[in-house]
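The same chain A turns up in both complexes below, where it pairs with chain B and then with chain C.
Presenting the complex of A and B:
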């Protein structure tokens, strides 16, 4: 019963947060400078032609009516027409969303895999020069702006050594038949490597630090000493007994980290011309294409809320004491 | 009078002890050293930099000295427009300091005050504040900063506002959870029975216990703010008139420095950012020793 109440309360909070965000997004995007219709309207046009265009986009009505229509449209799944692509904003955004998901989710999974392993290793070798070196390099990687790491990789591997392509998801002029065909193609993976590794450099830092400190906590527990006393080897105790318990905080951090990865991918997508949702948002912000920018922002926010909710659930599942409070 | 004087001396001694404890950590010492170098750079920028960051350097015949490699004359070389990269790095330290320190100060003040109030009063005040914090947690940080800078206009002040208006959320949550346990301690009960009001308990009795942890998050905020400013400038949402390391990278990227092999334009700004952000992490290690005495094993 308690569990059910906990889950429904968290779900209710998340829905409330999302609704508040919808309102917030509407108003902040109306405050944007620059006339969104500037793309089609030139000063030489006749006044009634200008009005006609403004009417098409609903820009002639008062703000509260626009807000009311916005809420109705959002409920219907209608997020406006892109001023630039002349397509529904939702279609434009969802086309780009997959590319972001492939990049970020792969990057996060690999980051956490590598992070946990390195973190375990650092905890194991605690007090040695190896640990100090490892910690300092993690701190350096976490201090480096993710886009700068991308630039360095581009410079070395694309422009100096010519091993990897200098951006985008495919060779110019080439298109993939479908999503599955794209993901499975050799060329796609070739394009994926550099943005993936740049993201991993930053995002594997947190799991390394978390795993290490969590293991150092667990290692003091009696049951670990017991296992050692029973004559179980150090390696086995480390990976079978310690890491299993110590990994819990890392698992919950993973869900939250995915939420942050979406926004971190904005910079990487721009550096590598990766046609994802973050780059789409930057381009549509700079190009005054507000319906697309607005919907891309909404999707990013929805992902964050969803992932935070998931992290809460995961945490409650892994550590039931949370529910009781 | 005598008591007040004693209290001031006591506080100063306590602060001194905290700082000494903090900088006993070898990493914190290294962080402080890096920070001092950048502080000197930022404060004396016009004296240290051989050129102004916008100055186009030309030779005697008036030709721009573009793409000069690092040498004795130009320590870090020049850009496509013949601007000195070393000078830009030196002036960029000013922007980094201004953004980092002011944003962190705002984050610390907002986060600490809101967290203290929320945790101390509890009940519906806490409920409302925490729902608002939930809402702020739902906003994607960098995209929001892009939107806000577009709305307010790309000046350094607006970049600072865009960063701090979201970043206080972490400080607030941490401070609140600390207050929740602190307010059950006997000294709060004693203060209340001695007639202290809510505000006095919050700011005189509870706050001093919170300072180390809010300082810790403030130091993290310095690094975050500098990284975010760099990202915003790189994407083209920064202050067009100021010289920042992120903007240097943007200019380098846009003028094809990568494909032309102008490595001396790409490495220095990034290394400067890494060093200054790293120094904040190092110093935070020292603060953590103060906050969490269990760690003191050096």
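Presenting the complex of A and C:
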């Protein structure tokens, strides 16, 4: 009962935060300088044409009316038409979002898998030269700008060794029946490798460091000593007792990292010509394409809130010491 | 004690005298130059894209030079949409820089000379952002549009340029180079078009594959939003110019050439007959007839299509004479008809567009997305094959076209980073970057070092400009504008800032465009700083001890 009440309260909070965000997003984009129709301006056009375009997009109305229409439309599941693509903002965003998610979710999952393993290994080999070398390289990769790593990979593996293509998502000129068909093709995997590895270099730093320090904390606990004293085998102690506790902060970090996966990585997408959501968001903000920018940020905010909520659930489930009060 | 006081007084007295003298001096000088005559701080809005260091340097140069005249500058760098909001929507600026892209429709001098300088365009939504009003100029530009005799038209266009240079509402600064690097081992035959570089239909029809690879891959730096022949964006037009035919096309030399219309004849200054090519078909097999041409013009006029309306509003009536002859009757003689209307308006298939937007899900024809329904159907030399959003657009060759290219398909590949553009061009993944928008110095170095890369440089018909807001003081005064023009040397900007990757723009018309370019337009920069100050002083402007400039007597902010 208690648990249910706690989570319903959390859910209520989340919905409130989300609604406040909607309002914030609406106004923040309109406070930016510029006008969405500025993109259309060209001397070929008639002088009154811009007013006509503004009217078509409903931009000639007072801001508060635009806001109420926006809220009503969002409630009805209508997120507006993009000023640049002339398609529903939701379709534009999802089209780009899938491209991003294929890359980022894969990168995240692999990074956390590799990260936890490497972190455990580093904790085990504490004090050795292996740990020192491992830590230094992780820290370097973690602090190197991700686009720089990407550019270096691109330079070496694409432009010097000619092993991988120099960017884009799929074979030039090839027609794919749908998104799945493309993702399941060999060419796609070939194109995926470089951006994936560049992203992993950055993403795996956090789980490595977290796992390592967390294990070093936990390993000193009395109950671990107790388990050892009981005569339980070293591996069993490590996995059943140490890692299960030590992995908790990594799980939270993973949940929020997944939320970040939805915003993509603009820099990686630019370097590898990947048609993802990050590039779309930057473009929609530079071009004052409010519907697309709003919807993209709404999805991002929703994912953040949802994943934080999920992290709380997971924490309560995984750690018996977390008690709902 | 007494001695001490004496000493103190001895010091204070001269001090007091000094202060008194100072006060007398300052009140005296303030009396010479009353505060209300001090020229206010000028608002300089500037288009500052992050990746363009040339533009940033040019801004620094401009602001520095204008300050030398005693003006105070409030410099506001911003994005393009912000600049347009200030210069175009709210007119809230004193100085402003803008970049105008080169396009085939902008080769004929009329559109720019009319749109940017005519007083009719000084109204909300008009393109005369400088707010320039001069009846003498208006008469000249109107007359030039009506002049059907080339010699007479030339004289009037020269006059327009002469006045524009004399009154400087806009200081045209430089024509930046259109940079087109391409792989010379794989492709040949690209055509350089005046003011446009290799990005033009003549290139796309005449390109020849040198290897077995018969798919031309074109690299482009910006995402394409929509493909619709009625919409304005340059990246959309890049595709539509090849998928749709127009009656004529502006040729590599800047003058109209036959395209869908094999020839034309002026029956009178207001009546033109176009003779269409026989047996030509749309991509879906239906013939292209005079009725489609009539439909297109009528449709644009009836629906007031924003992008094409201005090009067609000169048309009073379009008559179908027979299947291949169409007669266009104009309201009054219009010399740029071929270069502007003929080049710009895509001939639409009537059988598809007659239902748009009525039987579609959009309210406006220009918002319709033909690609979503497989209806991006024109009669051009390339036909639409597929579009992967944000990645590539594939067009296949229309083998039945009168100018069908030798290759099989053309792909537009979106590559948004300069490093990847060049790397992929070098590796051969891309074959040509038709309009390279980044640093020319690095590009030239790469192309010189790589034997399989060639680089074509062509000064753009578009330009980079400094507009003065002539609506309010101090820039309503032609002397101030001339003085500023005198200190902003276009040669310095072209040679030292663009490092030769731009040429000075002394008039709004491209210098290679014969016979329209007027070579004797006045160049105020010959006066230099000293001459500029003398000119200002002669007009009654004064400077205070700090070097700040004051209005002549009787004029205030």
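Couple of notes before you dig in:
We adopt the following convention: the second predicted complex is superposed on the first by the 279 of 325 C-alpha atoms of A that agree within 3 Å, B and C clash if a C-alpha of one lies under 4 Å from a C-alpha of the other, contacts with A are read in each partner's own complex, and residues count from 1 in each chain.
Simple rule for what comes next: a contact is a pair of C-beta atoms (placed from the backbone, for glycine too) under 8 Å apart; a residue touches a chain by one contact, two chains touch by 3 or more.
None of these values were measured; they are calculated from a predicted model.
Of the two partner chains, chain C is the only one touched by A:96; chain B is not.
By the document's definition of touching, of the two partners only chain C reaches A:84; chain B does not. In the overlay built on the shared chain, the residue A:305 is in contact with chain B alone; chain C does not reach it.
When both complexes are overlaid on chain A, the residue A:297 reaches chain B alone and has no touch with chain C. In the superposition on chain A, A:53 makes contact with chain C only, not with chain B. In the superposed pair of complexes, A:20 makes contact with chain B only, with no contact to chain C.
Of the two partner chains, both chain B and chain C are touched by A:151.
Of the two partner chains placed by superposition, only chain C is touched by A:169; chain B is not.
When the shared chain is aligned, chain B and chain C each come close enough to touch A:270. Counting contacts as defined above, chain A residues 33, 151, 154-155, 158-159, 166, 270-271, 286 meet chain B in one complex and chain C in the other.
Listing the residues of chain A that touch chain C in their complex gives 33-36, 38-53, 56, 81-82, 84-87, 92, 95-96, 99, 151, 154-155, 158-159, 162, 165-170, 172-173, 175-176, 270-273, 275-276, 279-280, 283, 286-288. Contact residues of chain A toward chain B in the complex are 13, 16-18, 20-21, 24, 28-29, 31-33, 139-140, 142-149, 151-152, 154-155, 158-160, 166, 260, 262-264, 266-267, 270-271, 278, 281-282, 285-286, 293, 296-297, 300-301, 304-305, 308. Looking at the complex, you find that chain C touches chain A at residues 78-82, 84-86, 88-89, 100, 103, 105-106, 111-112, 115-116, 121, 123-127, 215, 217, 223, 225-226, 228, 231-233, 304, 306-307, 309-311, 313, 344, 362-364, 367-369, 372, 385-386, 388-392, 394, 409, 411, 413-417, 419-420, 423-424, 426-427, 429.
Residues 131, 134-135, 137-144, 146-148, 150-151, 153, 223, 227, 230-231, 234-237, 246, 249, 252-253, 258-259, 261, 263, 266-267, 269-270, 273-275, 277-278, 281-282 of chain B touch chain A in their complex.
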